[in-house]
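I'd like to ask you about the structure that follows.
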Amino acid sequence: MRSLIIGRFQPFHKGHAELVKYAVKKYEEIIVVIGSAYDSYTLKNPFTGGERYLMIRRTMEEMGIEKYYIVPVPDINRYGVYASHVSDLSPEFDVVLSNNPVIKEIFEKDGFKVESTPLFEREKYSGTEIRRRMAEGEGWEELVPAAVVDTIEEIGGEERVRKLNKAL
Amino acid sequence: MRSLIIGRFQPFHKGHAELVKYAVKKYEEIIVVIGSAYDSYTLKNPFTGGERYLMIRRTMEEMGIEKYYIVPVPDINRYGVYASHVSDLSPEFDVVLSNNPVIKEIFEKDGFKVESTPLFEREKYSGTEIRRRMAEGEGWEELVPAAVVDTIEEIGGEERVRKLNKAL
Amino acid sequence: MRSLIIGRFQPFHKGHAELVKYAVKKYEEIIVVIGSAYDSYTLKNPFTGGERYLMIRRTMEEMGIEKYYIVPVPDINRYGVYASHVSDLSPEFDVVLSNNPVIKEIFEKDGFKVESTPLFEREKYSGTEIRRRMAEGEGWEELVPAAVVDTIEEIGGEERVRKLNKAL
Amino acid sequence: MRSLIIGRFQPFHKGHAELVKYAVKKYEEIIVVIGSAYDSYTLKNPFTGGERYLMIRRTMEEMGIEKYYIVPVPDINRYGVYASHVSDLSPEFDVVLSNNPVIKEIFEKDGFKVESTPLFEREKYSGTEIRRRMAEGEGWEELVPAAVVDTIEEIGGEERVRKLNKAL
Amino acid sequence: MRSLIIGRFQPFHKGHAELVKYAVKKYEEIIVVIGSAYDSYTLKNPFTGGERYLMIRRTMEEMGIEKYYIVPVPDINRYGVYASHVSDLSPEFDVVLSNNPVIKEIFEKDGFKVESTPLFEREKYSGTEIRRRMAEGEGWEELVPAAVVDTIEEIGGEERVRKLNKAL
Amino acid sequence: MRSLIIGRFQPFHKGHAELVKYAVKKYEEIIVVIGSAYDSYTLKNPFTGGERYLMIRRTMEEMGIEKYYIVPVPDINRYGVYASHVSDLSPEFDVVLSNNPVIKEIFEKDGFKVESTPLFEREKYSGTEIRRRMAEGEGWEELVPAAVVDTIEEIGGEERVRKLNKAL
């Protein structure tokens, strides 16, 4: 079976990695939808769709996971059509894994199965917290997989977030 | 190094497969950009972005290629910005492989390197010809990788093309 | 039960009127989707969404039909999402009435029921033919309901088509 | 004469109903523009364009009003062109009824007549208040027409708002 | 008084220049709207909005005209709203100068004054003909102002058109 | 050489005028990009793209500057592609003048040169402050060039801002 998860992955962190492991164990194949794929260079969404693709791809290799699909999906700002938008761009899937009530509502109304997942230390692994640490020069590396640390270094990601923070 | 190819892949055929093999041999990693990712259910673009993703992913496995990235990219109908649009959604790349003069022009003007490729029996392996055969009930299977035959069967692709053909 | 029909209605003609009568007889309530609602002032789509709304509304009154819904729907140029787009803007419906194989494909793939209809003198009642007659100053009035004749006169529709024809 | 009112109608409430009665008494025909027609499944805009269409249609019947037009209009996020956008999708109108200074400005600059209206217990009949009550499980039914209560029940609207509220 | 002309100016040629001279003589100030401003790198629209801006700006200097405004305007593919779209982006104007019946229709319906102009050797000065000559390596320079010849040379315009021509 | 500055210019004030003088002294030619060109009739963006064009054009004349280009640029809400979007619509430029870290980041990543500028009494000359004064009926005229005072009077700009302020 094939499951699907959706996130902005700004950046992809260890909580996401745990969710992926949980999903592949339970459903074998996983589709990772990179939401808000067009957004980048803001404090909330510092990394481009392509950079996030790279982070996730390398983390998959690092974790030894092979049955995955990475699908960047631009926003359409229209929840009533969003499930159809995702399913149009993605390989077919059997279940959406999400604890977000909006995602649940809008996929279920179109006949998709949505399933809750365990929480993986959500207060610890948080994109908001990671970006705050980057902005303020605190250590953030422990919160993301090693492959993500490498990618962020490669693209000068920490410095970018610090500069974007000054723009406020 | 990482190369990038762009196509609509309606469907992904043996000519595309040859190009991929050529590219990974020469540059190790390859990014496959699925162009016109939002287009589907027309005679010219019968398959969805997600379906084409699946075709390509499975063909990669079939060919034993591992260093690939599949990136669906919607049209923006604006050539002057297209190179930037692709590079925003895609992992960084060193060279674009294309024989299309427009692609060459619009990527080179933004500072990207574009390189021509050998032609892989272009008159034989052609999306237009494959879709024509599907529409008219002729054999098309020999023109695409086995994994693509399977995927098209799985989604009822041949029947879809035949129905779309009647709509004209 | 509630049925749904889709057309551009450039203009709404007697063939459309017959289809509406057939639909309300069989399913009681009818939703009339004005497709390509943003298109106007071209030879193919001379009338605005608002003008077409008026034509249809008045014809419904003329026919004594009460259980109808008129819903203008802009194009999104993406068949994979079109059924979701329509169902988002329209009251819920039980069946789509259409002989168009594309409409059939894209609504059925999203789980909607699509049903063929009898043809109502299709070669006689045709938007293309009506617009051609308008452009060339031939009589077209017999092909549309009286309420549509009135509306087109009110908005100077015939003269508009003639002028648009000169622009070619 | 024909008047036009614009609202998001999330949901259509008794204040809106009073305004409609006032308008048809003064100007005979009324166009009800459903603004932000693409927005739904958020706390501020929980109901789809189609669901709101149904609420209004049924309330019209409940009130015995016949000379009305319901026109869903998507946002274009550009006030300078909004009046033209509305008038393109709507049957022609003689006057816009609105107390909103922005609506007044942007329609008057394009030559449309805009007229203020009496207020119909605005502090009591408020979409924000109704959605707050739904979210918190308080009684909201007295604030909307009976036909709207029915429609919201039919679509599970109250539960939807409660779930969306949890997503914050 | 201020007049407005609209063109794609692919490229700006001597016929356009004559029209500008006529307009400033009759109405003093002129607004030059660069239509389809987002289109470029196609055979029909080879030059970017910015490149066309430069051609026109330099020709104005060459002609010693000072009272002009150059306004690039993207397409919105919706004639019903186009006049409003242009007037939103442009300084206020008193009259549109155009022989195009569609332009005449869509601006007049919104209350703008549209006036026909003399034709300036239309069969001789034609964008289509100039682009054809560029594509086929024939002399085209005599058909455009000297400032446009310079600009096209500066940007490698002729070579670009030749390459785009090979892409067909 | 040619420099480029970007602003919303709501309205164009004396701080902007000083920056222009600085730029033409240092780089001879200047491109003034009117950002958010589609936005108007809100408190934050009260003036249309066309009105702002007029303000800037007249101030240039007032300052006796001749080597300038005014280019209205709509938002695309996508920083990753914004530099390409601007450079597509604008004549070629050698340097972007900006103290905004985001502008610096997104132009530099595409290979453009970005340079900081002196600040011209930024706390005094501020669009926000000018719009606040307009909204509350305080004197704002001393903060903008005389040509801008005239333009705002001509279009009834102060009254517009006061009305928009009441809409909150």
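Order of writing sets the chain letters: A, B, C, D, E and F. Residues in each chain are counted from 1.
Methods note: contacts are C-beta pairs under 8 Å (C-beta built on N, C-alpha and C of every residue); 3 or more make two chains touch, one makes a residue touch a chain.
The structure displayed is predicted, hence computed values, not measured ones.
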item	value
Chains contacting each of subunit B and subunit E, listed by label	C, F
Touching subunit B and also subunit F, the following chains	A, E
Type of subunit B:subunit C copy interface by residue overlap (half), same or different	different
Chain pair with more C-beta contacts, A-D versus E-F	E-F
Cα-superposition angle relating the copies subunit B and subunit A, to nearest 5°	180
Chain of greatest Cα-centre distance to subunit E	A
Mean-CA-position distance for subunit E and subunit D (Å)	43
Distance from the mean Cα position of subunit F to that of subunit D, given in whole angstrom	37
Touching two or more other chains - residue numbers and ranges from subunit E	38, 40, 48-49, 78, 80-81, 88
Category of the chain touch graph - line, ring, star, complete, other	other
Every chain pair in contact, whichever chains are involved	A-B, A-C, A-D, A-F, B-C, B-E, B-F, C-D, C-E, D-E, D-F, E-F
Complex interface listing, subunit C residues touching subunit B	77-81, 100-102, 104-106
For the subunit E and subunit B complex, residues of the former touching the latter	38-42, 48-49, 160, 163-164, 166-167
Residue ranges of subunit C touching subunit D (in the complex, touch as defined)	37-38, 40, 48-51, 53-54, 57, 69-72, 74, 87-92
Interfacial residue positions of subunit B with respect to subunit F in the complex	78, 80-81, 83-85, 88, 110-111
